[in-house]
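You will see two complexes here that share chain A, one where it goes with chain B and one where it goes with chain C.
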Partner chain A sequence: MRSYWLKRVLGALIVLLVVLFLNFFLFRLMPGDVVSTIIDPRFSPEAKAELRKQFGLDSPLYEQFFRYAKAMVTFDFGLSFLSQRPVWEELRSRLPNTVFLLGSAFLLSAILGTWLGIHAARRRGSFLEKIVLLAGSVSFSFPSFFVQLVLLLAFGWALPLFPLRGSVSIPPPEGFAAAFFDYLWHMTLPVFSLVLLGFGSWAIYVRNLMVRTLGSDYILLARAKGLPERRVLWGHAFRTTLPPIVTIFLLALPGVISGAVITERVFSLHGVGTFLLEAILGHDYPAAGAAFFLLALVSIFCNLAADVIYGLVDPRIRVGRSMEE
Partner chain B sequence: MTLLRRWSIWALLAVTLLGTLGPGVFTGDPEAQVAAPFSRPAWTPGGGSPPLTAFLTTEKPAALVSWRWEPPPNVTISGFLRYAGQLERAEILWSTPGGKTFVLASSKDTDTLRVDIDGRDMSFKRSLGLSPFDDAAKALFPEKGTYTIAARPTDGIKEARVTLDIPGKKWGLLGTDQRGRDVFHLFLLGIRVSLLVGITATLLAAVIGLGVGLSAGYAGGLFDALVMRVVDILLSIPTLPILMVLAGLWGKGLWQLVFILGIFSWMGTARTVRALTLSLRETCYVENLRSLGAPTFYILRRHLLPEAFPLLMANVALGVPAAILAEAGLSFLGLSDPRIISWGRMLQEAHGFGAFSTGAWWLILPPGIGIALICLIFLDIGRTLEEMSDPRLKKEMAR
Partner chain C sequence: MRKKLVFFLLLLAAFFATPAFCSPAGFDVESIRGPRIKELYMVIHRDPDSQILALERGKLDVLGDITRPVDVKRLAGNDEIDLSVAQGFHIFFMGFNLRKEPWNSLALRKAVAHAIPRQQIVRDLFSGYSTPISAFLPPASPYFEPDVPSYPYDPDLARSILEEAGWKWDSTGRLVPPGSDRPLVSFRILGPTAQAAPTTMEIARRIADALGKIGLSVELEPLDFSVMIRRLDVHDFDLFVMAWSLSRDPDNLFAFFHSSMDVEGGYNIQGLHDPEVDEVTERLRWAPDKKTAEEAAAKAQRLLSEKLPWIPIYSRYMITAVRKDWKGLVSSEVTTTDNLWTLLSMEPVSGKMRPVFWALSDEPRSLNPLSSSSAYDWQVLGLIYDGLIAVDPYTLEDVPWLATDWKIETVESQGGPKTRLVFTLRKNVKWHDGRPFTAEDVRSTLLFLKENNIPRYYDSVRDIESVERPDDFTVMVTMGKTSYWYLHNIGGTPILPAHILELAEDWKSWQPMRTPHPERQGLTMLVGTGPFVFSEYRPGEYVKLTRNEGFWKLPEDLR
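Up next is the complex of A and B:
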């Protein structure tokens, strides 16, 4: 049991290290260095050397990396080239939006997808199953932003129920309740579009698992014992398919984060993804690096959380037997 | 042969032909303005004038224009009138149904009157007696009815070749975009980019994945464990932000994009190939080959590669949609070469230049549906190939 947690935490730390490496070296592939972007070319060589020393660019690469990693882990991202404000301040105001968008869309689509998948597996050949299969192939082949653009055109322009852009009204409404509902009103379409795009692949996956499980002998035995259908379905079949469902939870996460970046752009939300895009387009390297790091961190954190859930639902881990891949 | 019976392979052929030969039908530059910005498709009902042209020719130095719409977005007149001898004054006249007459162009003491007029030219507006801020097209089309454009004098014309061009507010199959470009032309050009990027990036990824998968699966041990750990890590980092950063850092060219997509999408192939190699490595015939002293590279090349090949092809076909979607996504975010017309770019421009305030659905639906169609085609081809390489799948699906 303990070795399982240790392994997972260690794994997360390794991923974190790789992300830091990527971040460190990607931004050093750039022509020029940090100093050349902030100093005047007319500076004397001595002044340049002095500046390089101040920024620690004269020390060996590994030392630079350690300093960089420490700064990143403590969220000390430096100043943005564009706004000259600390990057972390900028990011902190955007993080809640991204986490809310990601979290709600992911949870809703997972719950809806699992529920639909189970019922599609129970009633093979039904209308429900056809919907599930269709939704699955749609989410595989339609570009997410296209579906979102169409939704925006339909519910923002043709039938103006929802706002075309932004995460709050300008100016924001007075009072907590009004502001809260205004926020929900702005987030409805983005979250809805992500759920619409996400639940199909979940449902197909769960359906395939459940079809296989419902055909196995112990389900037949459970039915033969005269257990109520509800008990068979949720207590026996669903219980055993839970670990693989959690696995797919893990694998789906990076894709969901990628989707959130585009979603924020389509709906012009005030989030980490739009910040990353603006930073890249504006050649604001500290900001881009920080936003990328933060997105990767969210992914690592969710991965770890999913691992914890996996450990709780898989009896082989709970009782402490070693797990095989 | 199973493949030839699928709709997808024929659809792919049709799309490829459309993408390679289609743009050849158009003679003009895709960047040229053909009609007013945000012109609706010609086949849609509702208002808006179609494009119109009228000619003055040697035989017939006057033309009638019957007009039933709002004033057009612009007017251009180009060409020349050549007379037999030198004339004191030659003119091109425009008369409205209400009886007003405008002198569009005039010449003095020459035998040739050359015209090259754009309705937006300041000097042209001045010559009509308008202020530079007035709309010349509005002044020339004050009402509905029959207008006349004519040369004066009509006697002694040796050669006349004048074209009056009125761009429409409706255009072609798919209308125009915010710069008045023909959307159908852009749409056809987008096919090429999608196919090219999708297929080359996936092939690159397949080559990397094949190499990694074969060597890791065959070598086993520490090397295998290390490589698979790298695969796991790369799979758990969201790809799009990495791709965005790389595209931002390395430039936005088409080949950079292909390279970036290629080196970040080989993980799935590597996993599949490794799993296959692992099982093949333990089979009797490979063991026999080893005991006969066959070199590792020979076994990999002559025996494992052909075994993995059908699966690899299925993997490639299934990987193309992901690459196409990634390309479209990056272009949509504005991280592609603005000079290259692609479907993602079209969607980006539609989103950024007010397709929503005008409700210009013809800018959004064609590229999006195009992307989805190509993805569906490759998904179907991939599934068919997968079934062909592993007949068990077919049984399971039929069950």
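Up next is the complex of A and C:
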């Protein structure tokens, strides 16, 4: 058991080390740097050289690498090239919106999608199943910016029920409760748009899993034994489909952060997705390095968490237990 | 087509009929007093679609830099919104790599110039809100020279120019250089992708089609912006399309065309080496007075139009939309309403004061006046900090600001002639924290910027030899060389308070907006003399500024 976890942690460390190297070298392989994107005839080549010196880009690559590696392992990511503010501060100011937006949208789509998927599988050919199939194809075929812009136009402009931008009214309301409800009001449309775009794929995935499971012999046996339908559905069929659902849930989690870019842009939200995109496009090495390093950490953590949760949701999976036992 | 024509006529009507475009004869910008508004929210609004929706819904009052024809068309038909259109300083062109054959052939470049249908490109892609150009400075520039050789669209003339110069065409219609039997290979036009500049590649495609008609095979190569700049920096290209947003001074012609600027990362991207151009751009760059500068600028433009190191294509109008709830807006043929003068004089039509919501199309980066080069930072900082000289929105001439008067003189010294600037400072100016503004602030700012080699100000202050303050309200700046442009370099530099500057330990990581003022509660270290005081920055949402109640230009009734 102990050697299993040791292997897993060692594997995770190796992955992290590879990410550390790739993060450094991939960004530097891109042509140009943060200074070369400044094109202004009032900014002479000498002024650009001063700026490169200021960012430490004039020192040899190995020195830059050691500085970068130290920054990553000590979690002291330094100053962003673009904003000249500490990277941590930048991330901290953006995390609440991203976590709320993606966390709630992801959870709501997963819960709604799973619930719909299960019931669609139970009632094959029903209206509910048709809705699930339609929602699935919509989420796969419609570009998110289009759906979000239509929603913004419909409920922010034509029927102005929701704000057009941001996470706070300007000027902001006074008092905690008013500010809290103002925040919820601002986040409703972005979260709703993501749920609308996301629940269909969950529902289809779960439906397909459940259709296969409900057709299994042991489900037939459970029903033949006279078990209540609720127990058959949730206690037997759903429990068996949980491991792949958990896997998908945890492995999709880091990916949704990068998917936040468009939503943040359409609804003018201050989030990590936009930060990541700007850092890459602007050659902001400290910001991009830190963001990808943290994303890698979240991915690795989610992988480990998936392993642990596997055992919890499926009693047949136990590390270190042999087949004979 | 009819719709386009109607829209174009509407736009022209807006251009000439808006009160702001009436002749400003007798109008004295110095008489403008303000600010009259109490609160200004600069709302961070990135998405262009939701910017338009917010403006229409009254969530924004002022939206500048509107570039998409579809938006202009939509807003032009809105009764609640005024559009202001100005010529601006934008210039879009196609550049050649003159270091390589065949682009070092002047005849070929002239033929190319005649082969490009500028009028049609502008009409089709910009619905008329851009103007085709032949000059090397934008039409809004006070130094714009209209009397230069032009190259109207005429493919037949293009072919005859080539024929006269000994060019031929092979049996498939491909162009064959003089003295050769082999036709030219295919060339590539570098340009940014549609994501970075939506219309650029479409223009490049039309240029490629037009050049195909005179036997030149040209393909498009859209690139990520930084990759494109890198290719240009190392001179790895045949042709490129690009745009500059220039300033009112023409001395950037030196940066663009002087042979000394043909270095890696230099702005003489095309690699022009021409003694005549070198001589005239040097004269322009180091002109001791305005008259010499004007003559040199005119000659440089004429010369460049003959040598054609670029093909100027068009200049985009600047367009700003303001809700009609506001009056006292200032604009002209060369300045849209989103300017400092408007912010000073605007007030609500209803008479009931409320905050102004001004769109900021991107996040301010750091709000550090020392390190920031971001235009969005400076949209905010420009209202907090002042320079010695301001710019007249009608004539683009210098107008007194923190300096009431100035002299520019050439003094002889052992090292040769030098420019000396003598500024007389305004006496009733106070910093936001109540301390008086004096010559020591100007001296400290200029020396701080020079001693620290701060990149943003590097070119403006590097030639400073000495800064003296004979008294509290006179500053004498002696430069190492002679140039009329030093007046704008020094006069346009934002002045910081000496008593705050000495507290900035590390200018790079200095965060003045997050550091409380040492004496005045409620203030931060973002202390200037400008019309607005920094109040709050909420990342991703807005920057809030309030009226500087001690501003020297505040009208008597508001004091």
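Keep in mind that, in the parts below, the second predicted complex is superposed on the first by the 222 of 325 C-alpha atoms of A that agree within 3 Å, B and C clash if a C-alpha of one lies under 4 Å from a C-alpha of the other, contacts with A are read in each partner's own complex, and residues count from 1 in each chain.
Please note the rule applied: a residue touches a chain if its C-beta (ideal position, glycine included) is under 8 Å from a C-beta of that chain, and two chains touch if they have at least 3 such contacts.
Note that the coordinates shown come from a computational prediction; the quantities given were computed from them, not determined experimentally.
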- Query: In the superposed arrangement, does A:W157 touch chain B (first), chain C (second), both or neither?
  - Reply: both
- Message: In the overlaid three-chain picture, which partner chain does A:V266 touch, first (chain B) or second (chain C), both, or neither?
- Response: both
- Query: Who does A:S126 touch here: chain B (first), chain C (second), both, or neither?
  - Reply: neither
- Query: If you stack the two complexes on chain A, which partner ends up touching A:P45: first (chain B), second (chain C), both, or neither?
  - Reply: second
- Task: Have a look at where A:S137 lands relative to chain B and chain C in the superposition and call it first, second, both or neither.
- Result: first
- Partner chain(s) touched by A:S167 [first = chain B, second = chain C, both, neither]: second
- Where does A:I280 make contact in the superposed view: on chain B (first), on chain C (second), on both, or on neither? first
- Message: Looking at A:I14, would you say it contacts chain B, chain C, both, or neither? Reply first, second, both or neither.
- Response: first
- When the two structures are overlaid on chain A, which partner does A:S216 contact: first (chain B), second (chain C), both, or neither? neither
- Note on the structure: Both partners, chain B and chain C, contact chain A at residues 30, 149, 152-153, 156-157, 164, 265-266, 281, 283
- Complex contact set, residues of chain A against chain C: 30-32, 36-48, 50-51, 54, 79, 82-85, 93-94, 97, 149, 152-153, 156-157, 160, 163-168, 170-172, 265-271, 274, 281, 283
- Task: Using the touch rule from the top, collect the residues of chain A that touch chain B in their complex.
- Result: 14-15, 18-19, 22, 26-27, 29-30, 137, 140-147, 149-150, 152-153, 156-158, 164, 250-251, 253-255, 257-259, 261-262, 265-266, 273, 276-277, 280-281, 283, 288-289, 291-292, 295-296, 299-300, 303
- Listed in rising order, chain B residues that touch chain A in their complex are 229, 233, 235-242, 244-250, 321, 325, 328-329, 332-335, 344, 347, 350-351, 355-357, 359, 361, 364-365, 367-368, 371-372, 375-376, 379
- Item | Complex interface listing, chain C residues touching chain A | 39, 41, 43-47, 49-50, 53-54, 56-57, 59, 224-227, 229-231, 233, 244, 246-247, 252, 255-256, 261, 263-267, 355, 357, 363, 365-366, 368, 371-374, 453-456, 458-460, 462, 508-509, 511, 538-542, 544
